[in-house]
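The following pair of complexes shares a single chain, chain A, combined with chain B in the former and chain C in the latter.
And then the complex of A and B:
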């Protein structure tokens, strides 16, 4: 049968038309993962039972595969009468899975702030809330920008998992073409190359951002 | 079907999960060492080629790589078993990540180490194998443990290319028994039971080494 480059080229527009779905899923999942991850990390810092439960939840999520989380949500939620679209379930799965990793990013970002900063804030009699908003958060943002960008790339590379739940992302489109034409090689190779190009492009952007932030130095 | 039967059914797949992991390590470890060292030693065009190979395996979405190699290789006249394709793709993907730890470990060594070796009249290979690699391997061992965990978790994907691992068994049970909560909880726990002890071992290792600059958090 052989690999038909002309047919591969003809797959490009169909697969590329789903790039919006892929980027949207990745962006929303990254936002969801950051939100849940931040809450996990805050709960862990409070300590006590909430802290221990949160720490265990983070470890549990990180010890289990993302594919199983997607299956879990996809099959368990309807069992309790919660019916959501497969894309929503997919975004929830990715958000939950990556929140375990982003919690560690927040932890490292906060730990890297010198102790003198919150101490100085207290010496100036700032409230706890103001300390977090005006002293901790801005410095944390600079520390987490680059790792957050790297995890965005990881999440982007995990979006094709949603094709397993029949979400029409780029891999899903590739499989649509494959099942219509009985040719698997060409559409899959095209989808793979587009994902590779996208991942390399965003990684490069993150690296440049990291260099600029490092060049900014500490004030 | 009782909870016990569900557990037993899923555990039938643990052999496949373990075998794919072990077979995958046969690809991951040599790739990580070979390409990590090569990226450290080479310059110019040679380094560009080494980096391109690493980036291909590291930056591609692993689920797409698996499908591409499973469906596209036969088109090029190469037929490998689902076992070999799975081990190769998952192994080289993990190896790509680990190669960066090898390179970073080598680069992090003070240049005095290499210079002292040269001053003692050791050849370049002798310096690499007797002085640089032993120290770098100790420094990168926690990262390597993380890679093993990522590989174990990635094996859940082989259920999509017909191998009967734990995930495959769980889906089989789900077809005859409508009890998604018990089945998928058991599957999550099965992975947790395998991966969490490895993560704890990695943390212990990291605390023992306590190298400055090593990544915190385990998993």
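And then the complex of A and C:
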């Protein structure tokens, strides 16, 4: 049973038909993970009880397999009367799981900002909020563009985990073809190539963004 | 309201500790409107901490620090309003690297003083002219020399129209050939009547513009004298010794 290019080509439309699901899950999860991760990091910086809880949550999340989060949200939440669609659960699981990692990325990005920066902002009487928005966040962004992009690619590559929740993503479609035709090589290669193309696209986008953020050179 | 003759800064019995370290020990200092005070002293003597207290960057534990008629540290809103009357220039410039020179100067004008973009840019350009660097308005800090960056930092601090300017060793991170361009700007500022407190070891500058020189050591003010007397033979032995060491090179 060799690799049949014609059959591979015939798989493309079926698998591509799920690209929307994959991209939607990945995009919303990236957004969710970044938002939750940023809030975690802000809470950790404020310190006190919220800071300790947040620090613990970040470590806890990073030390558990993503599948446990997905299964937990999918099978345990309904026990408490919370019924969510499998795609919603999938997005929640990926967002939570990656928020722990992104909190660490934000931490490194903020730690790399010299402390003279917030001091200068204070000396100019900027409010805390304006300091975060106009001084800290933009400098954090230029520090973290590269690692952030890597995690976005990771999130994209993690979307097939949602197969365990029967979310019809691209890998799911590939398996559908495989189980109907008993041919695995072609659909898997096609799905793999599409993921590769998407990952390259994200990396390229991040590189361009990084170059724009670094306009005018660093310090 | 503040009467014209009231001092801008009035410090009495100021004490500050960092943990067990007694960094400011019973400081008394008055800065009248229009006065130019130079603060000098060996490393670790508390000079930076003192001027950082004056604009609220550091808090203090004992004593009274009145700025523009307000005792700092009592009521948050009034403290913030008083601190808005200060401008600060740091040793390491601390310009915002992601903003252009103009962006650095207009940020507080727009966000704190509530100016529109074009109002803010007009004000900023006027101050950039004053520090003689208007042609760099669209450049980023990373594209400027140290001396240019420090002049931009001075313009940025002036934009909010402060009543007192605080300088913390503004020239000590600069290459020797750039020190003069920054000092020239500061001298011009002094001639314009700006109230200034300046931590510096540039004794030529002190001689030229200071009304009063304050010598600190170990968190205390050991000696304070009109600039004329400070540089004559009459000063405190400890400050004479210090002067000799810094004037030797």
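We adopt the following convention: the second predicted complex is superposed on the first by the 202 of 219 C-alpha atoms of A that agree within 3 Å, B and C clash if a C-alpha of one lies under 4 Å from a C-alpha of the other, contacts with A are read in each partner's own complex, and residues count from 1 in each chain.
Everything that follows uses one rule, which is that contacts are C-beta pairs under 8 Å (C-beta built on N, C-alpha and C of every residue); 3 or more make two chains touch, one makes a residue touch a chain.
Please read all numbers here as calculations on a predicted model, not as lab measurements.
Touched residues of chain A, counted separately for chain B and chain C, are more numerous for B. Of the two partner chains placed by superposition, only chain B is touched by A:62; chain C is not. Contacts of A:185 after superposition on the shared chain: chain B is touched, whereas chain C is not. Of the two partner chains placed by the overlay, neither chain B nor chain C lies in contact with A:49. Using the contact criterion defined above for the overlaid structures, shared-chain residue A:104 touches chain B, although it does not reach chain C. Shared-chain residue A:6: touches no atom of chain B or chain C.
Remark: chain A residues 1-3, 59-60, 62-69, 71-72, 75-76, 79, 104, 107-108, 153, 157-161, 163-164, 171, 178, 184-185, 188-189, 191-192, 195-196, 199-200, 203 touch chain B in the complex.
Chain B meets chain A in the complex at residues 55-56, 59-65, 67-68, 71-72, 75-76, 149, 153-157, 160, 167, 170-171, 174, 180-181, 184-185, 187-188, 191-192, 195-196, 199, 216-219.
By the touch criterion given at the top, residues 55-57, 80, 83-84, 86-88, 90, 92, 94-98, 100, 107-108, 111-112, 139-143, 156-157, 160 of chain C touch chain A in their complex.
Residues of chain A that touch chain C in their complex: 114, 116-117, 119-120, 122-127, 130, 134-135, 138-139, 142, 213, 215-219.
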